[in-house]
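Across the two complexes that follow, chain A remains constant while its partner is chain B and subsequently chain C.
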Partner chain A sequence: MNAKHPAVQIEAEVWRLRLYVAGQSPKSLTAIRNLRKVCEEHLAGRYELEVIDLLTNPRLAKDHQIVAIPTLVRDLPNPIRKIIGDLSDADRTLVGLDLVAKSVGSS
Partner chain B sequence: MGRSETPSQLKGALAKAPSGISGLDDITLGGLPRGRPTLVCGGAGCGKTLFGMEFLLRGALEHGENGAFIAFEETPQDLAQNVRSLGFDLDRLVAEGRIAVDHIHIDPQEILEAGDYDLEGLFLRLGLAIDSVGAKRVVLDTLESLFGGFENQAVLRAELRRLFRWLKDRGVTALITGERGDGTLTRQGLEEYVSDCVILLDHRVHGHVSTRRLRIVKYRGTTHGTNEYPFLIDRTGISVLPATAMGLDHAASHERLPSGVAQLDAMLGGEGYYRGSSILVSGTAGSGKTTLAASFANATCERGERCLYLAFEESRAQLFRNMKTIGLDLERWQERGLLRFEASRPQVHGLEMHLANLHKAVAQFKPGVVILDPVSNFVASGAKADAEAMLVRLIDFLKASGITALLTDLTAGGSAREATDVGVSSIIDSWLLVRDIELAGERNRGLYVLKSRGMKHSNQIREFLITAQGIQLQDVYVGPEGVLTGSMRAAQEAREAAALAARAGEAARRQRALQARRSTLEARIAVLRTEVEALEGEPGPERAAEGRIS
Partner chain C sequence: MTPSPDAATLDLREALSKAGELLDKIRQGAVTVAPDGQILFANPAFAQLLGQRPENLLHTPLESWIVAEDQARARALLSPAAGQPALEISLLPDAGQRLSVRVSVVSTSREFTTLLFTGTHAEDAEAALDAIRGGKVDALVIDGREVVLLETAITPYRELMDHLRHGVLTVAGDGTVTYANARFCALVEVPRRELVGTRVLELVPEADRGKLAALRASRPNAHADVRLRDGRGRIVPVQVSEFVHRGLHMLVFTDLSDRQRHLASEELSRKFLGLLATEFQEMLGTIDESVHELERAEHDAPARRAALESISQSTRLMGALVEDLRRINPPD
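Our next item is the complex of A and B:
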């Protein structure tokens, strides 16, 4: 599966991810768990993940234009991408992060 | 006991937050429901955002209630610029911590949904905005943008329900705007979430003239005006015109105002119009309506009262020049600040704008008399029914303010009909009709008093003359030859004078002839008497005979 992708480019970069959650809500916890899993599977050793709890710092919701919770933002590599939801739909998560071909996610 | 309670303090009565929008609080009898959400819906460009903004700004400036504005469509820069033209400094209020603005930008292009989510971020931002200024008022403009940003409708609907509950729990007076849908109040059915108060804004164009209208679709737990109220957006923000809410409870004055034409006053029971009454002068083109109106304006200013003259056909310079030729110097009254003259074409604004302008001019200038010359043009600027409704409101408003109104009305056609094109004749107190009387190749003007409520008025036609000294009213000739006016009246009068002179001459001649005959006869009597005396002096034969006998 990975053979189909431009793996050279992906492996050359460090991924910087931000996950916005609201406290310890079930959706937030599920999202953290799902994201960690995806990262370990596909980006082991070359990602930075920052989990931001908006309950403790609501101003960041305004500054970073966050409406839905949880929201995952891919800062690097460019371009910026936003994925909302608890990431329980693994295929769509991978599509959103550009880790697999789009055709997989459309099913 | 002994505690006086006003209705608003009664237990259970709905608390209201004054909107600060001119006129709206009259219709809603106090304002929007305090601590509850209100939905404002309408099509594009109907003024929803401005409505919300003014609600917040006036709340902060005039009612000491800070506010939070959550903008889904416009950026804070755009919002500040839009209200700056209305004289509000949004940036300053934000800097002073009286208003918080948050722009929520949702671009569906850059968002992908993967799994379950909620809109907690929106709640957090809303809470932040409210807490940062201690907001009592919240505006969400336009909440429906959320529907374009998120795919999962089930989540959205659940979150909206939660949002309205949350707003109520926070106790903020919220105003939510929504785009009008096809056959529904809002495109996304927001009205099912807001059960307390729904206001519908509308923007219609009729005959190239646009009119904005406002209607309170529902307002739970309180009475409210149910009509469609025109409103406008001008330099001072939104003004709603609740003039139709007025009842027929205006006071009636016994004071009389001279009309400016002495003979007309004589026709109106000798004293003129009632103060605070409405006077209609109708007539065909060129029949002297404006001259009558200007005479009344002149008389008003001569008394030292202020007169507002709204002209819809003539410019100020033209009217002043024309009136000078008949001896009415209106310019001096303007210089002394007694006359305010405003000329505009009826077509330049919608009807409501005219009405609002009148409201404002009356509030500023405080005139005793308002003249509208002519009102018939309003029919051309809008639908007939709208024009009539507007004039009724206008007359009601002036009456309620105790202002005497004189309206002129141009009637179409060759002869003035006893009906007005603008259909206001039934609410008019005094109605003067100026009509052409066409006779023997001449047009002359005749003036009637068709009606004048509450006074003894003349039932006769007067000939209406416009002279260098102003208006003169002449008794028309009524005789065996019929009703005569103009040169025929003059000729008839000359004929009568000649006949009178001729009759007088004949009598004198007869008198002289009689005198002559009498003189002749008296002369003859004198001669005969002399003869008699002469005869008596001679000794007669009878006497001689007598002597002989003795």
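Our next item is the complex of A and C:
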């Protein structure tokens, strides 16, 4: 588990994640790789991941009001969470997904 | 002293007015609601979230602007016992598209509660800016319907384009040039920095603009012959095709002046070969005639000599022509 952040008790429910990508752009591929790593380490067997290619169907961006790519959306559990970027900052991804609690004093 | 109902009303209006002036100046949407949930004040930013004018929202139930599944949570936020200072809900503007917002209680009293709404799209925009500055994204969604790749995402494509023998432009949906490969820059003798940002229609003479616009509006992979105007005002005939691949619009230009030069050269070769065929035909005719002469004049020595001389001369001529041909078109 992350050394800087205390772990959050994750309920035994399925996490529904959507990753919006732009074809095989370098950042999209990096985001897919980073997200799979996070999911396997923290949500193994308890997540559904849908990768949505907005180059193929840009209108799907409206579903979650996507403005930049890649963007990860946590549909479930509530509330919806959104992380913009290639997820290369693992700590920020974990905090953004509520997989670890925010440290005291962190922004 | 207990204030009269009128005075209380005036005080409330005054308070709302002053609060309204302050709230108008902030970016977030602000709403003041009565205990029964009726909207007493809405600032322009909140009205804008809903695509309304502020006065249209007055005395309407706040719940009527919230999606059904979030109404109970929003009601709980207004309750004096609410322990939750903020929550995320979705508004339902007239346009029908759900709008995610973060709502928090600013102040609460017996008479009214003021709520602050922050559209998560505003937060997304700031997060997107941070991500762009940090180099963590490589594409943007424009107006929710067009994906624009940033430089980092298309560098590999551009390197590939620069190795092509055809002139290639990448253009946005409206025809604005976003990249020109080296061959295209050479074709029109204009540097890339001057081509990027111009409209592709500006690169063709007015007479050909309709043809190019029609091509762009037609089915993918169609092609048309148009003319480009180069940096020195000269006309370059080209064949242009548009390809749309995964959101990327590419116009491919084939230089027809090359093809026309090639066609002209082929025409010259064809005429030359035609002349050669006529020459050979005449010489073969002479040889054939001489052979007949030899057959007829078996014992006539002068006639035989003349026929043999004629054959020999035609053979020398044909040999010289063949030698010329070999010199012009040497075997590999």
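The criterion applied here is as follows: the second predicted complex is superposed on the first by the 93 of 107 C-alpha atoms of A that agree within 3 Å, B and C clash if a C-alpha of one lies under 4 Å from a C-alpha of the other, contacts with A are read in each partner's own complex, and residues count from 1 in each chain.
FYI, a contact is a pair of C-beta atoms (placed from the backbone, for glycine too) under 8 Å apart; a residue touches a chain by one contact, two chains touch by 3 or more.
All values derive from a computational prediction rather than experimental measurement.
Of the two partner chains placed around the shared chain by superposition, chain B and chain C are both touched by A:Ile80.
Once the two complexes are overlaid on the shared chain, A:Asn34 sits against chain B while remaining clear of chain C.
The larger set of touched chain A residues comes from B, when the choice is between chain B and chain C. In the overlay built on the shared chain, the residue A:Ser88 is in contact with chain B and with chain C. In the superposition on chain A, A:Val67 makes contact with both chain B and chain C. Touch criterion met: A:Thr56 reaches chain C, while chain B stays clear of it. Applying the stated touch rule to the two superposed structures, the overlap between the chain B and chain C interfaces on chain A comprises residues 22, 25, 27, 54-55, 58-59, 61-62, 65-71, 80, 82, 84-86, 88. Every residue of chain A that touches chain B in the complex is listed here, in rising order: 20, 22, 25, 27, 30-31, 34, 54-55, 58-59, 61-62, 65-71, 80-89, 92-93, 95-96. Residues 22-23, 25-28, 54-56, 58-59, 61-62, 65-71, 79-80, 82, 84-86, 88 of chain A touch chain C in their complex. The part of chain B that touches chain A in the complex is made up of residues 102, 104-106, 110-122, 124-125, 127-129, 146, 149-150. Of all residues in chain C, only 87-88, 97, 100, 120-121, 124-125, 127-128, 130-132, 134, 136-141, 144-147, 149, 152-153, 246-247 touch chain A in the complex they form.
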